[in-house]
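Since the structure comes first, as C-alpha cells, the remarks are kept for the end.
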Amino acid sequence: MSAPPRQFQQAAHKAMSDGALQGALKHLKAGFQVKRAHAFEGLADPESLREAGRAIRAHALSALDELLVQFETRVRANGGHVHWARDAGEARAIVTRILQENGARTVTKGKSMVSEEIELNAHLSRHNIEPIETDLGEYIIQLRDEKPSHIVAPAFHLARREVEKSFREKHVSLSTDRALDSRPALVAEARAIMRHHFETADAGITGANFLVAETGSAIIVTNEGNGDLTRLLPKTHIVVTSIEKVVPKLDDVAVLLRLLTRSATGQEITSYVTVMSGPKREGDADGPEAFHVVLLDNGRSAILDSPAREILQCIRCGACLNHCPVYGVIGGHAYGAVYPGPLGAALDPGLDGIATTYDLPNASSFCGRCDSVCPVKIPLTRIMRHWRNEAFARALPSGSFGFGLKLWAAAARRPWLYRLAAGIAARVLRSRAGNEGRIRAFPILKGWFQARDLAKPAGKSFQVQWRKRKT
Amino acid sequence: MAQAKDMSDAARAEILERLRRGRRSVAAHSYVHRCATDGLDRLFAEKARAANTQVSRIADVDQAPEAIWAALREANAAPRLHLSPESRLNALPWQRAAGLTILRERPSGRDAAVSEADYGIAETGTLVFFSGPKTPSSWHFLPGHEFVLLPHDRILPRFEEVISRMGATMPATMNLVTGPSRTADIEQTIERGAHGPRELHILLIRQTTYARG
Amino acid sequence: MTAAADGSRVRVGLFITCLVDLFRPQIAFAAVKLLEQAGCDVDVPEQTCCGQPAYNGGDAKDAAALAKQAIAALEAYDFVVVPSGSCAGMIRVHYPRLLQDDTAWSARAEKLAEKTHELFYFLVNVRGMTEVAAQCDGRVAYHDSCSSLREMGVNSEPRRLLSSMKGLQLCEISEPQTCCGFGGFFSVKYPEISARMADDKIADAKATGAEMLVGGDLGCLMHLAGRMARRGEKIAVRHAAELLAGAGDQPAIGEET
C-alpha cells in the first residue's frame, strides 16, 4: 500500500521543487491555520472542549467491541445490514457483491478516506462498475488519476489552471470555446455534470464521519451536499467505514462536531450534517431502499491493543497536517501512504507495517505542534516515538544508524570514555576547520554537511575548563 | 450469498475477539456546552446570516406566500416555486401571491423550493429536517434556491436539545442544514452552490402555531 | 521555591548539555554568571548526555540508563537549571514517562522533574530577575525552540530580560510557533526538508531587519547558523545567555578563529 522505503526522500525532493505545490502550500498558513485559530478564539473554554473530545473518543475505544455490537443491533432493527471486513480485500469483495446483486453499473461516491485505503475505485472498475466521485476535490483528482494530498481538501495541491486544464480535457461533450477561467465557472460546470450523475446512479457509496451505537446511525459532515445527493437518490446506499469511528450516543456527536468543523475548516458547523439511520421508512417521500454498513478493521484491532492505541481517537479533521512544518514543505503525496502528515506517521505503520513506513515517523522534528492542535488530544509525537522504537528494534532502515546511536550511548554511560571520545572528536574537527570558525564537509554525519556548515568545537570542553578553575 | 454471510460472520467473530483485548476502564466525560437560553430567535438569525443565509421575519405563516414571491422578484428569479405534494404548506393562501406558479414535481438545480423545518438550532443558525412523508429529504439539496419556514417556538438552543426531544425511534434521515451549499476545493476559496442550493432563505414566523392544521 | 527577594540562596545543579560542553562552553559560563547574579550557588556535577538522542532514536533502553545516570548526578540540588529547552524538557517531561514503570526510579524521576527548569524561566519566575546590567546596541530577534514553548512554558521570560538591555531593539519574527527544522537527528536524516525549514525561519528573521539572532537552544542555533554560513547570510547567531551576561561582543557561532 505504501511507497517502498527510500522513495520518501525522492518524493520529498520532488515536492520541494514543485512550484505549483509550493504555491498551494502557502494556503496552509493564511487559510487553514488562521481559520482554526479564529474559530477556537470564539470559544469560551476551548481546552475543556478538547478534553471532552478526548474523553469521548477514549471512552468509546475502551469498549469498542460492545459499542459495535450495539450499533449492529440498532442498524438491523432499523432495517439495514452490517458487514464485517478484516482487511481491504474482504471490504472490496463485500461492496462489489452488494452492487452486483443490485445490478448497479454506475455508483456515485461521497468522500471516503476508507475507500481510498482499500483502493475501492480501481477494484470496482475492474468489475465493470463505474465509480464517480462527487466531492469536487475528489472528482478533480479522479479526472487526473491522482491520489488525495490532504484528507479534508483532496485537491489541495492543485492551482485553478490545472483544474481548468483537466475539465477541458475530460468534459469532451462541452463546447471548446466556453469560458472556464474562473472558480465560479469551474464549480458551475462541475455542478451541472454531477447533477446528471446523481440522478442516474444505480447506487451511492459514502463514508461516515461518526457511527452512533445507541441509534444505529452513520453521520456525514459536508459543505457541498454531495454526500446527501449520493445516498438519497439511488436505491442502494453503502456506507464504507472503519471500526473505530463509533461513539455511544448522539449527544457525543454534538460535542465532537464542534471540534471537528472548527479544527478542519474553522467553521462552527458545516453546511450539512446528516444523521442516516437505515433505509427509508414506510411512507417516507424518498431515501434509499437498502442501507448497508461495511465495517473495516485492516489492522485497527491490533493497534487498539498497542502503544499506538490513541491514534484511533482521530476524527480526521486534518489540523495536524495543516500545522505540521514538514507537511507544509513537502505536501501530502510525498508521504506515499493513504494518510499523510502526523496522522499518517502515527497510523500508517499500524496499518501497513513499520518495514515500509518507517520514514513517516522518522521525518519529524518532534516540534509537537500537531499535539497542541489535535482536537482530541492524541499524543502524536509519543506514538511516532513508539514507531521509532519498533524501527530501532528491527534495525530499520539499516543497522548503521542504530549502531552509531548505541556507540554514543555507550560512551555517554561511561564519563571517562565520553571525555576521551569528545576530546578526540574536538581535535579532529578543529584540525579540519583550520583557521576558520566552521567546517564545510566531513565524512561522518554527512546529512548535516549536505545543507549546513558546522561551527568548530571548543579547544577545551566546558567541563575540562570548569574542573581546572575549581582546582 | 450464504458464503458471503459466513465470511462476514467469521470476520465479525475474529474482529470482536481482537477488540476485546483492547478493553480498558475509562471514565465518561461530563462536559456541557453552554449556550444562551433566551433571545433564541435573535441568536438564530445572527448565526444564520453569518452563514450566508437570508433571514426574514413574518408575523404569521399566512404571510409566507407573499413574502416568498417578493423575495423571488427581488432576486430577479423566475416566479416559480416547487412545493412537495404532501407538505401541509399546500394549505397556505398561495392565491395571494398571484404571479407565483406553484409546481409539485421535483425541482432541478435552477429552481426554487419551499419547505418547513422541524426545528432550528440557535447556537449555529441551523435548520433541522426529519425524513417523512411531508417533504422529500432530497429537496433540501436539489433546488438552486431554498426557502424554509421556521416558527419561533421551534428554535432550540443546541443540537442536544433537539436530540432530547426525539423519541426512541430515529427517522431514516435527519438533516442539519446551515447556509447554502459551498466548496473551497479550488485554491481554498469559497464558492457557493457546489451541489446543493446556492441560496438559502429562512422565514422566521412569530406566530407560534400554524393557523391551519 | 525561594525568590531572590527574600535574600535566601539556593544550590543549583547546572546541566550544561553536551552541545554546550563540546561546542560552546561560553554559554555555560554565561549561565553560571547569570545564576550567581540571581543569588544561586552553582555547581556543575560530572555529566554526559541527557539521553535524548537515544530516546528519540528509538533506543529506550539506553535512554533509561542515561536518565538514571543524570538523575543520580542531579537530584541532590535544590534546583536543576538547563540552558536548553529541549534537554530541560527531556529531564522534566520525559524522564518520568521513561521510568514510570521502574519502581526504584519512578519517584526519583518525578522529584527531579519538579525542580528542573529552563534557564530564563528559572531566572525570571523562580529567582525574580527582571533586568540585566549588560548592554547591546542593535536589532536582535529571539528564536523560540519548540521544546521551550511547548514543554517548558518559556515565552515572555527571555524577551523580558533582553528588553532590559540598554540599546537593544527586540524584534519579533512573524512565526515563532513554526519549527526551525533542527529536531536532533532529523536534521541529519532529512537534510533537504530540514534545510527548507531553516530557510523559512531565516527569511522570517531577515524580514525583521535583525542583525543578530539569539535563542535558548544551541541545537537550533547551530543549525540556523550553519545554514546561514552555507548560504552567505550575515546575521550573527548567539545563545541569549551570552548576550545577557555581557559576552555579546565575543565571536558569534561559527565565527571563532
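Letters A, B and C mark the chains as written, and numbering starts fresh at 1 in each.
Basically, a residue touches a chain if its C-beta (ideal position, glycine included) is under 8 Å from a C-beta of that chain, and two chains touch if they have at least 3 such contacts.
Quantities reported herein were computed from a predicted structural model and do not represent experimental measurements.
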{"item": "Shared chain contacts [chain B and chain C, defined touch]", "value": "A"}
{"item": "Most widely separated chain from chain C, with each centre as the mean of CA atoms", "value": "B"}
{"item": "Per-chain CA centroid nearest to the all-protein CA mean", "value": "A"}
{"item": "Chain B and chain C: spacing of chain centres that average the CA atoms, whole Å", "value": "55"}
{"item": "Separation of chain A from chain B, taking each centre as the mean of its C-alpha atoms, in whole Å", "value": "30"}
{"item": "Rounded Å distance, chain A centre to chain C centre (Cα mean)", "value": "33"}
{"item": "Residues within chain A bordering two or more other chains", "value": "none"}
{"item": "Interface residues, chain B side, partner chain A - complex", "value": "1, 4, 7-9, 11-12, 14-16, 18-29, 31, 33-34, 47, 51, 84, 86, 108-109, 123-124, 126, 131-138, 140-142, 158-160, 163, 170-189, 191, 193-197"}
{"item": "Contact set on chain A toward chain C in their complex", "value": "9, 12-13, 16, 29, 325-326, 328-330, 362-369, 371-372, 385, 388-393, 401-402, 405-406, 408-413, 415, 418, 422, 425-426, 435-438, 440, 445, 447-448, 450-458, 460-463, 465-466"}
{"item": "Complex contact set, residues of chain A against chain B", "value": "24, 27, 31-32, 44, 48-49, 51-52, 55-56, 58-59, 61-65, 68-69, 78, 83-86, 90, 93-94, 97, 101, 134-137, 140, 153-156, 158-160, 163, 183-184, 186-188, 190-192, 194-195, 198, 215-217, 223-226, 228-229, 232-233, 243, 250-251, 254-255, 257-258, 265, 268-281, 283-287, 295, 297, 301-302, 304-305, 309"}
{"item": "Footprint of chain A on chain C - complex, ascending", "value": "16, 18, 20-25, 28-29, 44, 46-49, 51, 53-60, 62-63, 65-66, 69, 146-147, 150-151, 175, 177-179, 181-198, 200, 222-223, 225-227, 229-230, 251, 253-257"}
